[in-house]
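Here you go, one structure.
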Amino acid sequence: MSVEHLSAELSPLSVQFVDGIAEVRLCRPEQCNALNIELIQALLKCLTDLQHRQDLKAVLLRAEGTHFCSGLDVASVMQSPDSIEFLLSPMPGFPHNRVQHLALGWKALSVPVIAVMKGYVFGGGLQIALGADIRLTTPDSQWSVMEGRWGLIPDMGMTVSARGLVREDRLLQLTLSAERFNGTQAHHWGFATDVLDDPDYAAQLLLSQLAERSPEMVRAAKRLYRDSFDEVETNRLTLEEKLQRRLLGSAQQREAAMAQLERRPPQFD
Amino acid sequence: MSVEHLSAELSPLSVQFVDGIAEVRLCRPEQCNALNIELIQALLKCLTDLQHRQDLKAVLLRAEGTHFCSGLDVASVMQSPDSIEFLLSPMPGFPHNRVQHLALGWKALSVPVIAVMKGYVFGGGLQIALGADIRLTTPDSQWSVMEGRWGLIPDMGMTVSARGLVREDRLLQLTLSAERFNGTQAHHWGFATDVLDDPDYAAQLLLSQLAERSPEMVRAAKRLYRDSFDEVETNRLTLEEKLQRRLLGSAQQREAAMAQLERRPPQFD
Amino acid sequence: MSVEHLSAELSPLSVQFVDGIAEVRLCRPEQCNALNIELIQALLKCLTDLQHRQDLKAVLLRAEGTHFCSGLDVASVMQSPDSIEFLLSPMPGFPHNRVQHLALGWKALSVPVIAVMKGYVFGGGLQIALGADIRLTTPDSQWSVMEGRWGLIPDMGMTVSARGLVREDRLLQLTLSAERFNGTQAHHWGFATDVLDDPDYAAQLLLSQLAERSPEMVRAAKRLYRDSFDEVETNRLTLEEKLQRRLLGSAQQREAAMAQLERRPPQFD
């Protein structure tokens, strides 16, 4: 097992690499992990770093303390016109702006992102959560599409990240009411993939299942669903075949098949 | 509070304005609010009137009597080739015909439409209900995609209004069987946003939540989800930013934020 | 009642026609109906035959024995490069390859396909099931997106067939974990339309409801939802009107309406 710490002692974000898994933790627990400009900058830098790592198999996104994220630190961000212009400026290399990248950047990674949400999952925190591929939460977590209270709409990519997950009528109702809902409802409505008493354990279980898959199959699976989403039928089917042809007969695919036939764990290293 | 009555005594439709809310009531209770040509004409005129009002914040759509709407008044409409040609003729200013406008006209309004459905929600009545943005019903309401009994398919825009709400396999099964299902099932399958013993109370609660939102944010929220629906990812994200930039720093947005910080109700008038 | 048997004694597939219903049965019960090259060839031929029958009203797809289908017969198929090239070669007349046609071929038929799944519904079997328009299963059936165990991704059209049925986060989680889930979960997540103790009875009930619909309405209903799926709003609405105009006033539509008004069963023969 190789452990690598990349974050400074006082950073609002902790990033740790263990056996190909990047564990990213929001680290402002005293402020309910509210998004101030330092945490936002750290998240954007982290996403850029992860984008360039070839040795990743998955990302685990979670938070220090009781709450996942209480949303934008309004006092810190909204007062400064410069901060707002920075957030709405284009994210280099992506067809969206920086505040949207805080959520959609996780989807853009080539490996699956699993997020664990407890406590408050409010506003920008909810939208970051929606950027993760698989979202695990507790029954008593508290969620809110909170932007309406500030006279604003959610603008961190939710029209993309929630598509196919949460129905439009529910999104509109929650956006207009800005009311809180718990983790059980969040799961029922599609914000969370699963609701569990111990989502950390469930995340570890999924990571252990991932360890039995070939790294190239894991990346192909993420691409398959993400890149087909916006495509018409013919392009979806072409993508399926293209990705499969790359896997078929590769060293990793043959090892996976041999291990399966011999009823032993595969060895991909 | 300002109340304004726009409907004549014997009209099959009642429209009433109270504090920026238009309450629209189907008024043929003795005929289960079946859609005869007079009610259809009144609905089309009402939708055109509402389209041009600048002072609206929301629409509440409901029905007099026990039943929301038992569908097309077949004896009245189907016998006349003229009526059918009228219904299938283009709705001026819209990319759909008049019978489709009976449902999609609600989506085309710039403010949220909340509908309350009780009793029968059959055929054309079900399709009108699906045109509302947020749909509240009782557990014992009765629904049916009824057109198949007449050798017809549903053609009031359901392929648009039900998209993302009701799964295609369920739509096909209900279209082929033409069977009845209750409000609990309607909610489970996505026809209704919520199922409640007292949907009128729930509608009033949502309207009271809306009263705390700025009028421009309410319209932006409706546009956000409606106009992004048919768009590819890049256009969705551009729309998010465009709508948000219009809100940011406006008088209404600043009042919403100040009220939030000062923990008082906002004043938008 | 007219019965017609088209399958040879030892064929891995049985096809039987009764009163306009084609009943297709996978017939390798001793091998859990695993897809070997003979069964695949028989399915492709069957789909081509059904495509050309004008007298069909519906298709019922099921399996002999305890299990619907345990997926690809890997020993038989994966060992031969020729088999793999055959499966990935274009299906004549369709914008997809042969292995995709095993699932999407059912959608391409002009009549509804109802499938009954019990026991194992694994890998390719799961993907064939998803090609059916209406999918009925038992609570204790066992499902798995199994391809990852072999270092592969699902490539039988699931990005098309599961769209709008199963959420992308669930598809990714099941693809990565390759874990088993039961019929109740399959229904909850959208793989199955309904979960019932006796799905065969439910299939017969739906077929008896279909018998009361006009043949042309049944085909129009299938087309309505299938052909609008990939289309933008305007095209969906145009299709609705086009299909309805063909039905309106036809002999079958008038008979359906007369039977409805006279409260008698319609006669379409």
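Just so it is clear, A, B and C label the chains in written order, and each chain counts residues from 1 on its own.
Convention: contacts are C-beta pairs under 8 Å (C-beta built on N, C-alpha and C of every residue); 3 or more make two chains touch, one makes a residue touch a chain.
Which protein is which chain? UniProt says A, B, C = Enoyl-CoA hydratase.
Bear in mind the structure is a predicted one, so any value in this text is a computation, not a measurement.
Touching subunit A and subunit B at once are the following chains: C.
Rotation angle relating subunit A to subunit C: 120°, from a CA superposition, given to the nearest 5. Copies subunit B and subunit C of the same chain sequence form an interface built mainly from non-equivalent positions, shared numbers / all numbers used being under half.
Chain geometry summary: the mean Cα position of subunit B and that of subunit C are 34 Å apart. Counting partner chains per residue, subunit B shows two or more touched chains at residues 164.
The part of subunit B that touches subunit C in the complex is made up of residues 74, 78, 84, 88, 95-97, 100, 104, 148-155, 157-160, 163-164, 167-173, 175-179, 230. Contacts from subunit B toward subunit A in the complex involve residues 112, 133-135, 164-165, 190, 193, 206, 209-210, 212-214, 216-218, 220-222, 224-226, 228-229, 232-234, 236-237, 239-241, 243-245, 247-248, 250, 252-257, 260-261, 266.
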